[in-house]
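Below: one structure, written as structure tokens.
Going in written order, the chains are labelled A, B, C and D, and every chain counts its residues from 1.
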């Protein structure tokens, strides 16, 4: 199939939609981004790359980082991890606190904020120190993306910290149920920092390729996780990857995916490829507007939806 | 692939697990069922059938009927239906009422009870009368399963009605938000009745074949719904089909599926086949214990999981 | 003290406020009432009466009837009643369903709808039949008010029944927790009927006089309940009598009281008198606007607040 | 009336109940207290004192301090305070977080933890600095109790801080709704510190005397707050002073009161006296078991209940 041609078609069709929606503005650092940007990258298990738009421009990966920390924690703790965080979809955001309370501090899945905070805590637990934890998160992302110079944007991290009271509320509530081992302030800070990692679509598409290939990088042959763990991660992405629009995304796109408020979305075609699309203006669910449409067009044109 | 051999293998391996768990006992009629039963059927898009166990024994399809009524309503109302019922996963059962209240009487998806009640109401709306509605539901199920003698077990329906106060609470609450057009008592009665339909695994596997073939029965060539609608239904089954174990099912089985407390589970392998498994003893999530394991073995052995 | 003069003063001062607010309009029968009406009556334990305004005009007592059914149930069941309904204030109306669910169908107090429905159920339980129950409720109200011709307005009752889905939702939910013995539809109907009783302020002030006199009518010397029960009822009125404005009422008025959406409020000055005020236009909490202000002026002028 | 004799009677009758229940053990410093202690003090508006038991032994006043900070804030901000904290009873503790969320960070009343944290924040706002705030809280308590040497137990404060994650969760959630001006960590620390004030029953009975006398100390003639503010505070104590047992306390005791998990309870007889009782073993609602019974006996014997 002519993926490059398909990307070009998508770009043409999507153009009027780029910039529609609203850039994340809850922190000043994200609000500054030009909404009229777009990029899409594909890396196949055979090692071929296809790119369109500003695929070298780095952006804030935000919640996409939850995919990476969840992968690390699953590798470390295997099934033990599920004692601390579930794998079931959650309801409306309104319910996050009541659900956490009703379920005694066990977050429903690793992709809601409460769950990602517990996952970050499990990493700090393992590495004993938050700086070493961050360094290892960065090294893991560098390894899966085969890009050595990936880093955190400290201004974004700082901006988050100045407005992250709700996340601190979650962390303290989890701690009150004894499901957080580190200091809530430190844990949330580490979480904000890994959300502030910056990558471009080429690097992100490459970074999820191992999830399309049963846990092993098909090019370097490096095995990151077991096939079962890869299947688990893909299943959790499909059912929980897009907040309160996971059902919509499953239907419209039909691929395991994870989005971030920076406007990036990664997706996995099991057995075939890793994909990343980016466009900063968000729809009302907090997912990239043009990005979601681009992925929808992609599965329509390629018939690669899993459904 | 040798599906018959695989079914036989599964049956051998699953045997010690048959009967483990607990038969649904909230109504006397379901509590009477012998837990030690098992059946599994496959129908491929090429029209081949494979069966193991008591595949001719009919059982109460219960919530599997929600799949059929949702299909009917989606065909009738298309996107208009989403104004009355969402397609997003819900959280824990505890939240069902609070969520309904917070979201002003719009149930999260057609597979939770509140959503299925609204779907049933939309059918009564269309057919104007509850008896004609039931007749049309039966006729639809007869058509998709190509089995003319499918019927309701009136004892099960009656038993449900005597214990269905929670469902009546949901229906009245939805009505108070003006999202129910019929009388709540009548609507819930109609809902209980279609849950009391009895079918066997052969009939059920056949009945979901059109969902594996983009909405059209691959054997009779009869088109029931559009490809887009079939994709939507499969996506909703994957994200919401198993109550509070939808994430677990997505991971372990990796197929769109819908279970019922009668012990049946239907699943769809897009492009390939319809499946039904039945074993009455349930796990703690209310899904068939041996049935879930059988499906898990099936996707392991055939590598047909979508992930 | 010159109570008549005080009533006249209050009437003068309150005049510009009469008719401000909004008549209950959730049922057509109540929406018809002229908002510009006002009446206030006092009956002292010495048997003296003081009246101002339209004190002979009957109105729908609505939730004030909960006070009478609670009194009957407490007399019948004594402490046993608390197994089925609590005596603690509830939070916001939004929480009513979630609280009922979290507390397994035990309503927080007899003055929220859920609690009043359970109280009505306990009376049906006792009298075995809903018509005999209603007759006894009427007879009790006739006895405490020494007025033989008190009756139900069937149009108001019917109007309520046509719009009472939320109350039916509550009743069915309670039934699902086994805390309702009668049929939910019948119980809610009985509840709506006793809410549709019509009385005037003279009759209502007289009807609560026994609560100001430790359970015994100070004029007829008839003992209705024990002193302890009277104290309990007064305490529950103070903490829970005005929905989500109970704290405001406790502060501004400082007397045990119970309001209804018909615009009536009864209040008790322990050891001294029964009071009733009526004016149909309601404030945003659903309590009579002019009525609340009149009671506030009354305790300011007489210094009879319990605080 | 012979108050001393009544206290002696109560002490005799209550003896078998002293020590029954459970000392607060969520922090080690409180868990150490000997449960077999009891003290009760009365100070009348005429300046007479009556004491029984260990009335000179100081204990941790805990939530009783919320009464003092609420008084200070009401004096400072008058009605403006109600924009930040309500005066209505709350429901079950389970609902605290969901209610705070539903009501956009406005706590229901100043006696639940969320409300007391906002009140503390309002004091920090006024005094600009947390140490000056604490000094002023201490000075206010010293003034109303006419006792210069009242202080904080730093071990109790430290112990609270090590286990106060739930309170930090509340503070951060409130902050996320912009209803907290200071740093949540600092605010909660200040809150814990004023809860760790130590006083005896003589000092506490004296300290609430101004609330029994319309805001003015009847002995020193010093006016602390207006009569309206005193009435407000008494009303809030009655409806919200005892967590989830406020209704029970209103009925059994029938006086405005505020309890703390240190085992102390203060109560006010409007126009007559201030009371304090102390016994560390708590009932299941977290209120002093013997203390509550002693107050109940007191109002029974003296007929001073407001109902």
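Observations on the model:
Here is the rule we go by: a residue touches a chain if its C-beta (ideal position, glycine included) is under 8 Å from a C-beta of that chain, and two chains touch if they have at least 3 such contacts.
Only a predicted model underlies this, so the values are computations on that prediction, with no experimental measurement involved.
Of all chains in the assembly, none touches subunit A and also subunit D. Among the remaining chains, C is positioned farthest from subunit A, on the basis of C-alpha centroids. A separation of 32 Å divides the Cα centre of subunit C from that of subunit D. Taking the mean of the C-alpha atoms as each chain's centre, subunit A and subunit C sit 56 Å apart. Distance between chain centres (mean CA atoms), subunit B to subunit C: 48 Å. Touching two or more other chains at once are residues 94, 98, 102 of subunit A. Those residues of subunit B that touch subunit C in the shared complex are 94, 97-98, 101-102, 165-166, 168-173, 175-176, 184-185.
Looking at the complex, you find that subunit C touches subunit D at residues 86-92, 94-95, 98-99, 102-103, 108-109, 230-232, 234-236, 238-240, 244-248, 250-251, 254, 256, 270, 305-307.
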